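Please see the structure below; I have some questions.
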Amino acid sequence: MLNEMIQTIPQVLIDGLTLGAVYAVIALGYTMVYGILELINFAHGEIFMTGAFIGTAILIVLTGIGWVSAVPAIVMLITVLLLTAILTGLIGMGIERVAYRPLRKAPRLIPLITAIGISFLLQDIVRFIAELKKGNFIVTGPSLFTNQLSIKASSISSIFNDASIKTSFVIVLVTAVIMMIGLDFFVNRTKWGMAMRAVAQDRETASLMSINVNKVISITFFIGSALGGATGVLFAVQYGTIDPYIGFILGLKAFTAAVLGGIGNIRGAMLGGLLLGVMEMFASANLTLLTGGIFGAEYKDVFAFAILIIVLLFKPEGLLGKPQLEKV
Amino acid sequence: MKTLWNKYKQNKMAHGIFLLIYICVSSLSLFMAQRSVTAFLLLLSSLLLLYFTNFKNLTKWLIAGIVLAFLLPFTASQGDAYQSYMEVATLVGIYIAMALGLNIVVGMAGLLDLGFVAFFAVGAYTYGIFATAQASNFMPFGTFPLSGESFWIFIIFGCLVAALFGILLGIPVLRVKGDYLAIVTLGFGEIIRIIFNNLDRPINITNGAMGIPSVTPPRLFGIDFLFPSQFYYIVLVILLFTIFTVRRFEHSKIGRSWKAVRENEIAAQAMGVPLVRTKLMAFAIGASFSGMMGVVFAAKQAFVDPTSFTLLESITILVMVLLGGMGSVPGVILGAAVMTILNLQVLTEITNWLNQLSMSGAISIPDALSPAKMQRLIFGLLLILFALYRPQGLLPAKNRIYDEKVLQEGSGQTVLGIATEQSQNEKLNVKEV
Amino acid sequence: GCGPKSESGSLGEKNDSTVIKIATQTPLSGGSATIGEAIKLGAQLGLDEQKAKFKELGFELQLVPYDDQADPKKGVANAQLIGSDKAILAVVGHFNSGVAIPSSEVYEKYAIPMVSPANSATDVTDRRLKTVNRIVARDDFQGPAGAEYAINKLNAKKIFVVQDKTAYGSGLAEAFKKAAEEKGAEILGFEGITVGEKDFNGVLNQILSKKPDLVFFGGIYSEAGLLIKQAREKGIDIPFMGGDALDASTLVEIAGDAVKNTYITSLAGDSTKSEEGKKFIEKYKAAFNKNTESYSIYGYDTMGLVLKGIEDAIKANDNKLPTREQVRDAVRGTQDYQGVMTKVSFDDKGDNEFAKVFIFSFKEAAYPAEFVGEVGQ
Amino acid sequence: MLQLRNVETYYGGIQALKGIDVLVDKGEIVTLIGSNGAGKSTTLKSVSGLVKIQNGSIVYNETEVSNKPAHETTLLGIAHVPEGRRIFPKLSVKENLLMGAFSVKNKSVIDQRMEKVFRYFPKLKDRLEQKGGTMSGGEQQMLAIGRALMMEPNLLMLDEPSMGLAPIIVEQIFEIIKELNQEGITILLVEQNAFQALQIAHRGYVIQTGEIKLQGKGNELLNNEEVREAYLA
Amino acid sequence: MSILEVQNLTKKFGGLTANQDVSMTVEKNSITAVIGPNGAGKTTFFNMITGVYQPTSGSILLQNQKINGLKPHEVSRKGISRTFQNIRLFNEMSVLENVLVGMHTHLKAGLMGILFNLPAIRKEERASEIKAYQLLDYVGLAPLLNEKACNLSYGAQRRLEIARALAADPKVLLLDEPAAGMNPKETNNLTQLITRMREEFNLTIILIEHDMKLVMEISEHLVVLDHGEKIAEGRPEDIRNNPKVIEAYLGTGAVQAG
């Protein structure tokens, strides 16, 4: 039994990391917005979904005019990523403007209502457009990367099986890491990043430092949503098929990941995402083995949530979160 | 104009007359126009009007009781739409009770709970399993399904089991704070749902995803409860009990300690409020209402399956609380009623109407925009508008107003710290605003 | 709508014909809206075609589509609305068995006949409600039919079963598993996935290491498409098999080339085969500017059957508006109704005696798949 | 330099300022004193733009600044050290100081200003990497003033800089205020510690429930019977 | 007779020692002041006594009973009540309700009693409302009883904290910088209130304060902390002239002012 588990580990790890990378980058968006506004932006999952659709639409259009075959896939990907990021970034900014800004002084949980409202709106609007254009809201985009690489894990040790990966996996992972490092640098090393952190801690005082708080919050939403949208593109590239309802579950998982890593913490979001992905993949591949068939793959979320709860019990602020000791 | 309005505001008589006329007109119109949702809603909103009158509490309760127990069912009963109104009214009652339960947890104790529907599920399954043959899969003794008479005991049972689960969930709560709590409860809710969805193996307890069909209907004095118009009364009774209980708690030592914990944990502890116990109590009591309604729901649907207990459901209940006004009992009642009626009746009717228009060719809509699919969109829009225009909730929470005169009087007869036996406390007249 | 009494029907009714409404209840929004929509449109086409005929009888036909959102609670609440609209004489629906079961408890109370174009779960008719009928095969017929084909024709000895943990998916998977075991195959695994998720590599890794001859999937096309696609990417090139819910063009769209070597047991035959089928497809396309789904034609046939029942009831009632009970009994009494796709005779439970299971194979990435066999009762 | 005319400010329905007139000339130290809730902080907030005024006008260096948002008034050279210090707790001391010079692009200017801050508060130089939130109350107050100085303001508004500080620190703070003023910074000071505030102020205003009750030279007010009775007793 | 005894109390936060071996004895019915520079560990000291922080080592005895290790609400039950340096009221609750929460430990109402609205519970509730009102009257907040706590002015909030603490009927009352943010006049009033309270409620009071005038005026005993350690202890006159205290804390000006 153990043998079987170990054999599949390289593959499980790779699959888990792919999924985890997607969780992680979505989690970054949650964490950023949360870090500044203490607002769980429940519409973030839908922004991710919108990004996936925008990206796919751009790809389809570009394919239509024969661009895709003319340029290398990677150039193509970067173009689509950037375009989508800008568009979803703008959408995010707009959402903040309409649905969150008027509620800054309202009780803390009220923006939750508008967030849910926005989610429903985005889902249906995207669905309308997709159905109008394609007659079906489940959309499969052109695939950019189809190569399979094989990792000879068995050459490391014979207890491992070989693993295969899509080239897109490498691209997803690399992009995700670049995004995280970029974001980390931006927030911790640049003046605007510092302004964001200042706004997060004390908006009023930040405005006394000549910081235009509204602008900073807009920028935060822009970046968070741009990341979300870009992740949507990565997702579409990796999994091929999207529908207007992908945002809900993925958003939920990503939010969980953000909390697991310590919400508000950028590296935490990354760690939480990757961990959650690997955990889930491990559970669905091995739970049956581990429990002798009593609990199967369908319990993978129970497994993941149980671990989350256990982690929070021992480290209530998440893995990388700093304990928020209230000075009494 | 303004003075007239002010006069009106102070005059009980005027209130009474206006209300009476209103109720008469709306019930008459419901009586006459049986398919009219508008009339039905108008009659329901007489309760809202009633809430704004300055009658004594007892009077208000009496009038509300008459409207709900007699007038509404009677006037609606004359036509075909009767059962569908009662179905909506029953579901409204169920959601109100749940929202009131969640309001204790979120609104009063300030604990963000995103897995609240789990308790509802627990209640529903408790009855569903024993009121069908399902229980014989794992219970070697006893004959199942239990008879419909057992339903009444199961209401209490569901209440207790849900409270127990509330405490179970509460235990992690002791350490986790704020939005972390949200995710822990969310996880808990999902865990419960997934477990119910999979407990057909190794022993078939919940029948898994297939759900449990043909749940025995409740039975009283040889009468089976089959129709919404019958369940309506069960729900009404439980709901009254719930409101009554919540009101009691709200203005008691326990209710105050919930709010104190919400406002400032550290100060609350320093004032002798035990954090753990207080929070657990909020979870348990909040859960118990859901548990009871879960039992009713299982009996009403005659079918229990895990898809009724998704995260979206928890979020919906939370939105009811937020929309109505966190911590405000009347607000939450209104919020739950508005959300449920919107979702189940108004939106369906609107889209049906639009649909007829488009089918009869009055307006032409591309298929992708078919009105039948627009419910969620409209719902989303409404949510945003509500939140933007009533950010404090429809009826924001208010503190109890104490009458200074009475307190002063009372003080005259007591020495600081020691209340004398004969202090005429009964006179203490507490008003709600 | 908010109009006056229902008997007088809806807006702007000038002539004296009585309105008869037929409701559909299917998911029009949410993840499985494609087929829900297809059923509705099929039914709509069926109804539109017969409007003239009923006009002559002095009745005006109207379709009232309800969106059950694949949610039992919504289904039940809609059912109450349907029940209280006296003009509604029958229901075409549902798509999900999980919604059909509780909703039909309500129909039964109002004696509104329901005919399902899609629900295959055994509990739908096993509760022996007078109002509940279906024209498709049951899962305990479909599952074994698949098992039979997998073992005898595809030579599968070791089978891995995946299901989506919904009422439909697990019911079908259980039925398949049971039959396959009886027929001597070894079940290597019985795993669940989550509806709405997009990454099934975890379960696929199990399949990879267990090396079965065939994978059976109990679930819906959207997950199936991804499952198959991801399996092929992992190099799992054994046959996949699934049930009626895979019979949708979207499956091919999602899986692309990967769909090759996939077998489905369908409740709907190949409509392109017959002349009438082809005609239907054309009409449908002309009316809605959309391609048919397999269930479109079932929506159409169901509507035809329902209207036939109503017509019979009208005739039996001296050309007057029949009661719901009369319609209910007339529908249940259907014998040898010949639809475009299927023939229907209801037994005492409301199951169709002529229901068949058809087996299709995807030889290439095109929908519909190639017909390879059928199994009757 | 700064002139408030008939300023009225509301919090929701509550009127906190009922039409006050205050004048601060260049190079002065002007102090506002008054009991709790009199509206002292609100006056400062009205000037810096943290709250909106309903009525009246605020003119700074001939520019109308009424209802300009805070991030714009600060650019004009008005620095506001808010009540309760309001350090960014999770930013380091250095970052807190840098926030003060947020609008400055030139790096060498920033360095120069920082050196100047260290001249007043050498203690900060040793703690550059410490998180603001972990500093003691006195240190935080220094940091808050230092942060405001990074803006190189013409007008420095201080809201109760001595609150909660040890007597020895209070003394230091008042010394520093005097020093800053001598360097040419105009100062508007709100204090509960009326005794010390009036001692260093050129002029003072007594504010009560949103209205100016008295005004005059610092030492005049110090010796005014009414003032002694109400605030110094 | 001593009511509270603290022995070798030490508190470490990671590397930082906030209190180091602090010992002291508090006489029943006395007013003791704890003073010291910012960050000396005064508030931390209060936090340990009230159970908010657990001491790293050392012990706290209330009437010869060990109370360290108890949770804050248990300490409160034992008869220690406090106010907070940074005001911690129940902001959204009314002024009267704030005081009612203070009485929490003394109310007997249980789940069933509340549910069935038993007469005894009703009576208790009414009596407690009256008592709360009297306490508000005592600190001069009676007319504001229905205001939300957060709408009160700063000084009023401090007084409300005191009323709330008194409602618990404590034996020992801890006040953390009660005069902060008050002008001299208000401080004077507070001084009188504190003295009166001690008499009328038979209290032992420990207070932290930076206002030397107040401290010197009302306290019988002073404890000076610096860097977490006790550097001096004694009567006000002695402390005022203690060079160590002057250097670390008082400075030269304050001595004159007081």
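Per-chain numbering from 1; labels A, B, C, D and E assigned in written order.
Heads up, the rule we're going with is that a contact is a pair of C-beta atoms (placed from the backbone, for glycine too) under 8 Å apart; a residue touches a chain by one contact, two chains touch by 3 or more.
Here the structure is a predicted model, which means the values were calculated and not measured.
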| item | value |
| --- | --- |
| Neighbouring chains common to chain B and chain C, by label | A |
| More contacts between chains, D-E or B-E | B-E |
| Gap in Å, rounded to a whole number, between the CA centres of chain C and chain A | 36 |
| Centroid spacing, where centroids are CA-atom means, of chain B and chain D in whole angstrom | 51 |
| Rounded Å distance, chain A centre to chain E centre (Cα mean) | 49 |
| Touching two or more other chains - residues of chain A | 124, 127, 296, 298, 301, 327-328 |
| Chain E, residues touching no fewer than two other chains | 52, 84 |
| Sites on chain B at which at least two other chains make contact | 197-198, 266, 367, 373, 376 |
| Contact footprint of chain E on chain D as seen in their complex | 14, 33-37, 135-139, 160, 163-172, 192-195, 229-233 |
| Interface residues, chain C side, partner chain B - complex | 1-6, 10-11, 28-29, 33, 37, 40, 62-67, 69-74, 76-78, 80-81, 83-86, 98, 101-102, 105, 109-110, 121, 123, 127, 165-167, 169-171, 192, 288-290 |
| Chain A - residues contacting chain C, complex | 4, 7-8, 11-12, 15, 18-19, 124, 127, 135-138, 140, 148, 161, 164, 166, 235, 239-241, 243, 245-246, 248-250, 280-285, 288, 296-298, 300-301 |
| Contact set on chain E toward chain B in their complex | 50-52, 71-73, 76-77, 81-82, 84, 88-94, 96-97, 100-102, 104-105, 107, 109, 111, 114-115, 117, 121-123, 125-127, 129-131, 133-135, 137-138, 142-143, 145-146, 148, 164-165, 167-169, 200 |
| Residue numbers on chain A that touch chain D, as the complex places them | 191, 194-195, 197-198, 201-202, 204-213, 327 |
